[in-house]
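Going by the order they are written in, the chains are A, B, C and D; count residues from 1 in each one.
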Amino acid sequence: MELHSELDKPKSNCGIVAVHGHQDASIYAYQALFALQHRGQESSGIVTSDGKDLHRHVGMGLVSQAFPDLSVLNALKGHLAIGHNRYSTTGSTMMHNAQPFLVNFKDGPLAVSHNGNFVNTRSVRNQLIEDGAIFQTTSDTEVVLHLMARSKNKSIAGKIKEALSILKGAYSLVMVTRDQVFGIRDPRGWRPLCLGEKDGAYFIVSETCALDLIGAEYIREIEPGEILAVSKDGLSEHWLEEKAPRAACVFEHVYFSRPDSKIFNENVDRARRKLGKNLALEHPCDADIVISVPDSSNTAAIGYANVSGIKFEIGLIRNHYVGRTFIHPEQSARDFSVRVKFNPVEGVLKGRRVVIVEDSVVRGTTLKHLTKMLRKAGAKEVHVRVSSPPINFPCYYGMDFPTTEELIASGKTVEEIAKYLGVDSLGYLSLEGMVGAVSKDGGFCKACFVGEYPLEPELGAKKIL
Amino acid sequence: MELHSELDKPKSNCGIVAVHGHQDASIYAYQALFALQHRGQESSGIVTSDGKDLHRHVGMGLVSQAFPDLSVLNALKGHLAIGHNRYSTTGSTMMHNAQPFLVNFKDGPLAVSHNGNFVNTRSVRNQLIEDGAIFQTTSDTEVVLHLMARSKNKSIAGKIKEALSILKGAYSLVMVTRDQVFGIRDPRGWRPLCLGEKDGAYFIVSETCALDLIGAEYIREIEPGEILAVSKDGLSEHWLEEKAPRAACVFEHVYFSRPDSKIFNENVDRARRKLGKNLALEHPCDADIVISVPDSSNTAAIGYANVSGIKFEIGLIRNHYVGRTFIHPEQSARDFSVRVKFNPVEGVLKGRRVVIVEDSVVRGTTLKHLTKMLRKAGAKEVHVRVSSPPINFPCYYGMDFPTTEELIASGKTVEEIAKYLGVDSLGYLSLEGMVGAVSKDGGFCKACFVGEYPLEPELGAKKIL
Amino acid sequence: MELHSELDKPKSNCGIVAVHGHQDASIYAYQALFALQHRGQESSGIVTSDGKDLHRHVGMGLVSQAFPDLSVLNALKGHLAIGHNRYSTTGSTMMHNAQPFLVNFKDGPLAVSHNGNFVNTRSVRNQLIEDGAIFQTTSDTEVVLHLMARSKNKSIAGKIKEALSILKGAYSLVMVTRDQVFGIRDPRGWRPLCLGEKDGAYFIVSETCALDLIGAEYIREIEPGEILAVSKDGLSEHWLEEKAPRAACVFEHVYFSRPDSKIFNENVDRARRKLGKNLALEHPCDADIVISVPDSSNTAAIGYANVSGIKFEIGLIRNHYVGRTFIHPEQSARDFSVRVKFNPVEGVLKGRRVVIVEDSVVRGTTLKHLTKMLRKAGAKEVHVRVSSPPINFPCYYGMDFPTTEELIASGKTVEEIAKYLGVDSLGYLSLEGMVGAVSKDGGFCKACFVGEYPLEPELGAKKIL
Amino acid sequence: MELHSELDKPKSNCGIVAVHGHQDASIYAYQALFALQHRGQESSGIVTSDGKDLHRHVGMGLVSQAFPDLSVLNALKGHLAIGHNRYSTTGSTMMHNAQPFLVNFKDGPLAVSHNGNFVNTRSVRNQLIEDGAIFQTTSDTEVVLHLMARSKNKSIAGKIKEALSILKGAYSLVMVTRDQVFGIRDPRGWRPLCLGEKDGAYFIVSETCALDLIGAEYIREIEPGEILAVSKDGLSEHWLEEKAPRAACVFEHVYFSRPDSKIFNENVDRARRKLGKNLALEHPCDADIVISVPDSSNTAAIGYANVSGIKFEIGLIRNHYVGRTFIHPEQSARDFSVRVKFNPVEGVLKGRRVVIVEDSVVRGTTLKHLTKMLRKAGAKEVHVRVSSPPINFPCYYGMDFPTTEELIASGKTVEEIAKYLGVDSLGYLSLEGMVGAVSKDGGFCKACFVGEYPLEPELGAKKIL
């Protein structure tokens, strides 16, 4: 039996990049995608411009699979580029949805990459189709392009502005034309996007870790509502009309982004450690050791350990070679899929009262098995601490959750969840504790925790990218 | 050094197929594409409909490479299908131009495959772009779809009619929607397309050899100007508005189609043998043996042998494993590329006066080398007979010739060509001899021979598909 | 359902090559293997020597698949090389049996390629194993190497001589050491092997068509019983001790070799045409046309036509793209596998009395279906003429037949076979007619026709390579 | 430019497994190899026995690449199996050296897998070749098989004993015959090997983490000098003649093994934490935070933090997607290859005095770049602590070091090394501190630290597997 192991986590967004002003823009776009690999593993693609033609290559799988040799990058000529990593959806590999998207319209060729989700594409799309538009993909990105093509505005920035006055949602976008690249962020700033510079070339990337790999200096965030255009004349700022309070996705700090990145003007690492600290304050525990579910919860676990004074230990080893594996029909797929990713360290756990810190719980399936595994390895007590509140509501802004029914927190008290998981105690970080950790000034979206939606989705809006 | 061997022939058109009414339509579409492999080797694709959704798979290379295992075909569910083989253009493999083309528009999903060439896409495309259309490919097919999407006509057949009243050219098209397949032929009937039936299922294919492989019975041609719709209610015929005299591509009989096919209501084999017979009458020769440039000229050579009374022999062996090969820098690429395809049979040629029959000559490069090869193998005399007239003009209707300057016949007398080739004598079939062989009733396009164009191309019309 | 189409023919031997004296020996070995592709399609490999080290690459499939890019050939450094094409056995792909075989022994590295079959390996192998030898493959070639390694003889040629005084059978071998290549043929000369030269470099190949592609001049056959050594000092001839009458495999002329090759000092084409002529003399027929089962029977059919005075026509079109295909469960695999390879030309066959010439019949399955196909296409009568006698006995010398029970001729009269095939008449060429065609001086093995074995196989000798 | 990133570490040994008594032994062997992936990434292979035949599959790359689908495992029939992961050597992929090795000899088929290195193969091999043996690989394993084949001993265990009385070295071996599997460890017990059980089936694996993944119970180590045979009659123990003091490779605890494994009767995790603790006692530091070079030094760093009382932090993020990447010619390969693997966490490092714990230093290249990286991220001081002594001497027992000249410690004082690395202070764990951490009873090989070799290598013994 074939087994595709997946973590019990919200599915990641995508990773995007734009490059302007380096003669081998494709190499830098490639490296940025490499650094942003954690944001998407289904497909990867780059479009470059040499000032005259746009060149495109997309491939399935990891960046290293999509770009198997240097000749592929060398064929992507030009000093402008955008790139895209698409996240992995279960079971389906949709080559024709792979990004960046490249089309020809009135103003010449244009390519777009997209991280996020629109909430009113259904009605806009239907209207466009009614007007005679044809759609080749199911991607929202194509809707943006149709709106731009129909705009009477003279400039590209003007067309973007017009298109995004119609489409609503959570989005960070990069675009490339023959001679310009653009970085755009929705008015609420849901997804991260920032600007860097190196030797006169500009880079727009989802997270700063991509700038670090390239060796570029961080300049600033693309602001919510900003359309930043980069041309040979330098940077020029344009603004979307809609003004709205910030609603950054808190899960970027909790889980999605790399801890060595800075997003939303804050180090992820610092925010994540603070989440752990607040968790220790809210839900202290009488235990011998603190361990994490590696690697994403490591920093929060250290924060918990520091505040609680309980020793931090490595109690689970993560196998990084995981992907597809095979099991025997007699083996339990659930059991195996956890065991292939995590192995307990008996010497650490035996006879100990263990606090295990996890950043988020979706279905709870992995955590249930981990608990069994810890007990089997000799843990005397297992106390789970989660560095975010229970997830109770669907996201319309770019996260891929299971249905509400599958969410472990849905309709259950914390005690019921603890019982289901088989743990000695369970503590979720409070909404206040979480928001207090990630921001000085509020401005985060809490929809999935409390069901208050900063931007109302249209009826039947799809929940995922 | 890598060497891609190509014959010195006009490049083939594409091969297309539509299936209606068999629960595993994809298998039959696959088999039809297999039989039509000679019409296109660059890419291959199938779109099916299960009544609700359309499913698409395209891949590069031969049918067997594009469909590497049965699971790919099984995933293409449905009882309706269309398929497409795309011919090989030198050096470029354009995955995003691979067909069938699948889009969503007002009436739902629609897929199209196309064999031929339009002559006014440039202006129509520009007008569409001006009106806000976006184009994702450089393929003419996309223009057809935009026109259909913008049509206010209620029925699909009506939309097709409207779109094709704007676009002019040489085309055989197949389309599939959720519940119908269509077969369409331009008003002049440039490219072949015919209808077959088996166990209640209908098949529309480029050549009858595809019906033979499937095991279907030939019913009739799709008529020039016909839009044949197949639905669960059976066949219904619609007609394009434009009426025009027939202008079938004579090269289908001369070279493109398989000799076991029937096209334009005539057996290719019979036409091809007649070409050879007429050639023998027009250009007799005092020689010991008749040989052909295998395999496409075999039948014409036999016709020549039968009328001339000179013995037919196999003087050249064709290697069918050819594709990409490697040579040493010291070796001549030209020489090798001919030698790897053809080897002379010394026992046949030595001391003989040889008539070699070739169906068509484009640049003359291959023939020049074959002549040298025959002489080296001991041929005492080499007389070339070509079963079609000299090619002097570009084609705008789906054939891919080199530039006029590269055509061997361009601006040269037959004597000059003979001298260039190094042959003892050279005879081309006359226009009358050719037309007399392929048709009882005329109606063939002679543009590439005499420069009279049945349909004026717009300025800058591209010459190839 | 997946379908692997195979012709109803004896399975081919392998093709081998050795190169000495060209700085890029691997390119020439590659080209020779390309020309010898018809002798083996399962795997392909080359070993080179740069005077110090031996370099090896083997891969599955066709030459073009085993050597997918030039860098593979460039990595095979050296001015000496041997190469090997292995024939395709049904269903099994045995990478570790792929040749050439490369080992290290007392005298340094040594590689061997082999075409043929030994008849006493079982006992020799058992004896070697008893003495402590280990075997890594099931290939006979490894036995040769063990015997050479154990020889006390000082020279490589001496070791070869000693090893082949113990092993008996039908074999053409090529070997390469650091500074020599060898070409060896068994005392009876069962399989072809010849020598060519170009610019001071020597080439030893299975068939002359490989010399033609390389551009080398044919010098002579490697004689039966000869060990030809090529070193920087030129050619030196050595001889095996065993002397025996010639027993060349007549099937090389009938079917295996390419018609443009010269083997056993005779043009294959000439022999094959003579087979057809003798067939016409022995089995004349009152018919309208002669057709062949393309391509291997083309030459014999032309011979038949010339002598009989009946017109030669192309009645069956062979599809050269065949390999693996897929069929629907409702379709008959037998029917389809013939149809996918051959399609009748209706215009040629309709209303005609047809003589169809086939070079050999093993199980008769293909011929039975072809007959049905011809009748369906309108043939009034179908007369089969086979240019070799009925096959009745197993081969121990390198051909791969089915079991005796599966042979159509086994225990049946010609009338019974004709009835089974459903033909109007059937004629096999007589043994005398065949031998008279292929040789002036006799010396052919007739084991599979009459059961007289020139070299007695040991009990349980395997019948195939 | 293509860049293959490698850590500056001793190259790992191989991973091996044997399975007896489960009807789908191949699946379990596969899973064990999956868990042992860290021990070798160049190639992976399995041989099974169904009681009659042995079946083999080997492939290049990771386990998931070598076994791309379940059908490959299903084809490996039988209830006995052995498997092997081979470690990655730079630049060369030697398919023919891939293990397990499968041969036929006197007693039937036999397959072997090997972890370690022999020290006298050169002379033994030469003697065997002198006696007429042929070698197909450069692998030591083949020597073992030749010696077994030549043994007059009646039983397999006896033959193993005899062969290993001639060959000396460091080895853990598994073997499979038609009806037995064997696990063998050299008299000094250099490499780990242990026994587990599940549902009556036995498993012999390099590390216990493989038992954990399979779900088997750990029973015991294969003892130094033991030949453990498993057949349908259960376990039987045999012993090599040579007796010698234990000389386990201390690097298995320091770096090679997974921290969740138990080897040499000790939890790796416990040993590794103790290394860090001893390091803190020997080399205390006045600093703000302790960080590790992830992931292998994590546990030692936590040990250091716990004893020193300095806070443990995550200061470097490790990118697990690394493999092959591409860089621009203007970029520094050295810099990039470190940056692509590690990114500093600025928020943690800025303004801090940092202790960085590394388990071992070979060339020092990575550490030098990490130091620069930490300083650039704002670290005020950088203090390096290494949880093993300086490496000064070559290993002949299975580790792959660079030449002595390339070793950073070679001929330099600790102060000189510190200066070269550019660090504020540097401390290596002492030999006593290390041995005290990993064992209660001594018995470790210290050759690479002090140059005392437990088993003298013959002149010219190769240093790597």
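Operating definition for what follows: a contact is a pair of C-beta atoms (placed from the backbone, for glycine too) under 8 Å apart; a residue touches a chain by one contact, two chains touch by 3 or more.
Nothing here was measured: the structure is a model prediction, and the numbers come from that model.
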Exercise. Measuring from the mean C-alpha position of chain C to the mean C-alpha position of chain D, what distance in angstrom results?
Worked result: 49
Problem set entry | Where chain A and chain D are represented by their mean Cα positions, the distance between them in whole Å | 36
Problem set entry | CA centroid of chain A to CA centroid of chain C, Å | 60
Seminar exercise, completed: Among chain D residues, those touching two or more other chains are none
Exercise. Taking touching chains as linked, do they make an open path (line), a single closed cycle (ring), a hub with spokes (star), an all-linked set (complete), or other?
Worked result: ring
For this session: Could you list each pair of chains that touch one another?
Result: A-B, A-D, B-C, C-D
Seminar exercise, completed: As the complex stands, chain B meets chain A at residues 56, 96, 101-106, 129-130, 132-136, 145-146, 149-151
Problem set entry | chain D-touching residues of chain A, taken from the complex the two chains share | 1-2, 24, 27-28, 30-31, 34-35, 37-38, 62-64, 67, 69-70, 73, 209, 212-213, 215, 258-260, 262, 267, 269-270, 298-299, 302, 306, 311-314, 317, 319-321, 323-328, 331, 335-336, 339-340, 343-348
